[in-house]
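One structure follows; several queries about it will come next.
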Amino acid sequence: MRSVATGNKAVAEAVRQANPAVIAAYPITPQTEIVESIAGFVADGTLASQYIPVESEHSAMAACIGASATGVRTFTATSSHGLLYMHEMLFWASGARLPVVMANVNRAVGPGWNVWAEHTDALAQRDTGWLQVFVATVQEAYDTTLMAFRIAEHNDVLLPVMVNLDGFSLSHVMQSLDTVTLGDFIPPMVLPHRIDTANPQGYGPLTGPEEFYKFRWEIERSMRDARSVIAGTEKAFAETFGRKYGMTDEYRCEDADVLVIALGTFGKEAEVAVDILRKEGIKVGSLRPRWFRPFPDLDVKGRDIVVIDRDYSFGFGGVLADSLRARYRVEPSSIIAGLGGQEVTYDDIASFVRTRMPGTETWFGVHDDV
Amino acid sequence: MAGTWGRISTAVSPFPNPHYCVVYMRTGISMAEIPKEEYVLKCTSGCAGCSSTLCLRYILKAAGPETVLVMPACCTSVIQGAYPNTAMNVPVYNIAFASAAACASGISASYRSLGKKTNIIVYAGDGGTVDIGLQALSGAFERGTDFLYICYDNEAYGNTGMQRSGSTPLGALTTTTPAGKIHAKKDIDSIVAAHSPPYMASACSAYPLDLFKKVRKALEVRGPTFIHVLAPCPPGWRFPSDQTIEVGKLAVKTGMWILWEREYGKLKISAPSRAAVKKPEPLATYFSAQGRFKGIDPAVAEQLRNEVRRNIQRFVREEEQSCDQ
Amino acid sequence: MTMYEVRIHSRGGQGGVTAARLLAHAAFLDGKHASACPFYGAERRGAPVVSFVRIDDKPIRVYSQIRHPDLVVVLDTTIMDAVDVLQGLKPDGVVFLNSSEKSDAGEHTTYTVDLTAIALSLGLVIAGSPILNTPVLGALARMGVVSFASVKAAIAVTFSDKRNVRAAEAAYQELVL
């Protein structure tokens, strides 16, 4: 059914259709609309979930872990400080091999207080063992949230998935949304290691040096297997509902000499810059990684790369730029832009490309004399 | 609102009756009636004379096999045994230090929505309860979570080698209070009571029958229940391993630890403490039985004595008042 | 058609964000692609708020703020003392003001309807504030931004109170082209 919705409402609608047994969440700007919508669905009976109005994000994730461990579908949503407050429990969810699905509405981390978009909150969680995906449209937020449940709960994965959407620039943007009749697209959840009183086990007990690393390898092995599960799920989604997604979203990349690489809505806005630059004769394309964990295979060899990081790792560089340097031995033009909601237009992105200098890092808006 | 036990929201409670209900147990039970089944097997990693292991043994006998234990970091994280073995014959869900009550909330929400009546018991130390776990505990109680939270209180961070906790009594030596603790023990019971749970109680490892009965009673109650068990720790409190029961009894007999129950807010002092609150034994006998009060400043000892006296008066007065009503 | 861009100025609590969403919804019902982006400052009642609507035949890939709108909508003209609402308006851009007086904004074609009076006459008041976001949609339909049928449909889907559609109808009638 076609209608209109904000990014937050699209996520909430996907969750309503995925029908988790337990949802535990704590409100935070700009995610609040997701929690409010879900509470509304539960109140009006269109969603039969147990909604636990927890007292913190740490408890939100802990409650999802407890519920998921009993073998039922779970969901939570957060943003920024809430995500950071969950940090410890993020490791617990992945380490306990629980397919919790979470929407994270990307927002800067204080101080100073800032409620606008930035990706540092999510990228600071990149080592927690969560699958991470970044979306760029309302439709993609909805579709990806649905797929996230199927991917997380797949027997070859059994890891949590974090669906990231830009705070305000997507969470509060209204666009058209085509909702699906879900049918059996998400199979019932079967957790092989669910808590069972008929078969008492210890979960997460003391695990010595001779055993611990094996569990860590199991997580990595599932991360690697997740690539084919993601591909299979995205293929099934395209076949069932007609919308195609991949590990990346590519726009005019085939013959491109220059690639603009950015996560989230910047990656979409870059497409407009690409059209402008193509008219100027610059053969450029926009390559938007959708998935960040597992990290996608990118065809970047022999091309000029302009990476826009809406994040920063102090003392080192932009997280996305660093990932590309490390993985592909490339020297991108690294642009740090959009921190805390800093306004970046397609004209700005076009100028990043025109003035690109491989091997340099430029902070948008920061000049030597500042 | 779920803030008081009388008006729990039906969204939280899957039971047809939106109110908690207590099924009163007959009070007389003898040692012979305690189930023979063991759920704490003879392969724990507990210290010799460990009272918290003893408590758990009776708690699980009372709860039976249809039970899930939720455990934050605490001594029992180790006592339960290391992977791939477990000394527990019920599922144990280990969870991060601050989050036991929240994790139990998730399990409870799932099970109750599935119509499962499985007992969900948090077994947490004093650090995981009165300090780092307090927020999650408060949240779970405020939301009317159907579970039993048991705090076994060895009055310090025992698992890491006896550092002070909010539950360490005034004057006690710990590795982080080498001159004796200068702050009083946090009154977690009053904090929990402020959430108006339908049932809460104190217990002590030296009185396993009393503990057994209270666990049974708590598990019959729908909604959040709380049992605070004093668990003397031989290495931490510095007394011989064969004195665990004796030290626990001294705690009760001196009035340092009072056994009570609170049903729907109404206080009742339990049988083992009846004599003690009338005529407590001298506190010096409790001090001298353990090394952690060695060399206690006489002024601090006097302060503790006054505190114990006031505490006894407070309990006795409250019980009398509630009897008058 | 090239992309049509609308900037709505209002104060927090007056419904500018909802007006933007209703406009995008109506455009969607017209068969167009549309997006509504509020620019949130600190969310306070009474503070100036800007919302953006883009309407196009093609999918919209732009998320940044609109700098050169085709249409500026001002729900509260007192904002004009503090904010240059005409900033960046295209040379052939038009202006809509919620005003009881026929006024004009310099070079630009300016339309006015007293939305506040319409809201008050229908009793459309929430927490002391007249509701402006539904009547303004009627005015915008009269200006041809979206069809009136779609405006009525978008309002009906969003609000159960029938007075909202009546408010849009009143503004539609009152606007003089």
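Order of writing sets the chain letters: A, B and C. Residues in each chain are counted from 1.
Here is the rule we use: a residue touches a chain if its C-beta (ideal position, glycine included) is under 8 Å from a C-beta of that chain, and two chains touch if they have at least 3 such contacts.
Worth saying up front: this structure is predicted, and the values here are computed from it rather than measured.
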{"item": "Chain hops separating chain C from chain B, counting only touching neighbours", "value": "2"}
{"item": "Taking each chain's C-alpha mean as its centre, the one farthest from chain B", "value": "C"}
{"item": "Chain nearest the global centroid, as defined over all protein CA atoms shown", "value": "A"}
{"item": "Length of the line joining the C-alpha centres of chain B and chain C, rounded to whole Å", "value": "61"}
{"item": "Rounded Å distance, chain A centre to chain B centre (Cα mean)", "value": "42"}
{"item": "Distance between the centres, which are taken as Cα means, of chain C and chain A, whole angstrom", "value": "33"}
{"item": "Residues of chain A touching at least two other chains", "value": "none"}
{"item": "Touch list for chain A against partner chain C, complex", "value": "2-4, 6, 29-30, 115-116, 166, 168-170, 172-176, 265, 268-269, 271-272, 343-346"}
{"item": "Partner chain A, residues of chain C touching it in the complex", "value": "20-21, 24-25, 28, 33-40, 43, 60-65, 67"}
{"item": "Residues on chain B engaged by chain A in the complex (per definition of touch)", "value": "11-12, 65-68, 70, 77-78, 80-84, 86, 88-96, 98-99, 101-114, 118, 135-136, 138-139, 142-143"}
{"item": "Complex interface listing, chain A residues touching chain B", "value": "21-22, 24, 42, 50-56, 58-72, 74, 88-89, 92, 195-197, 200-208, 211"}
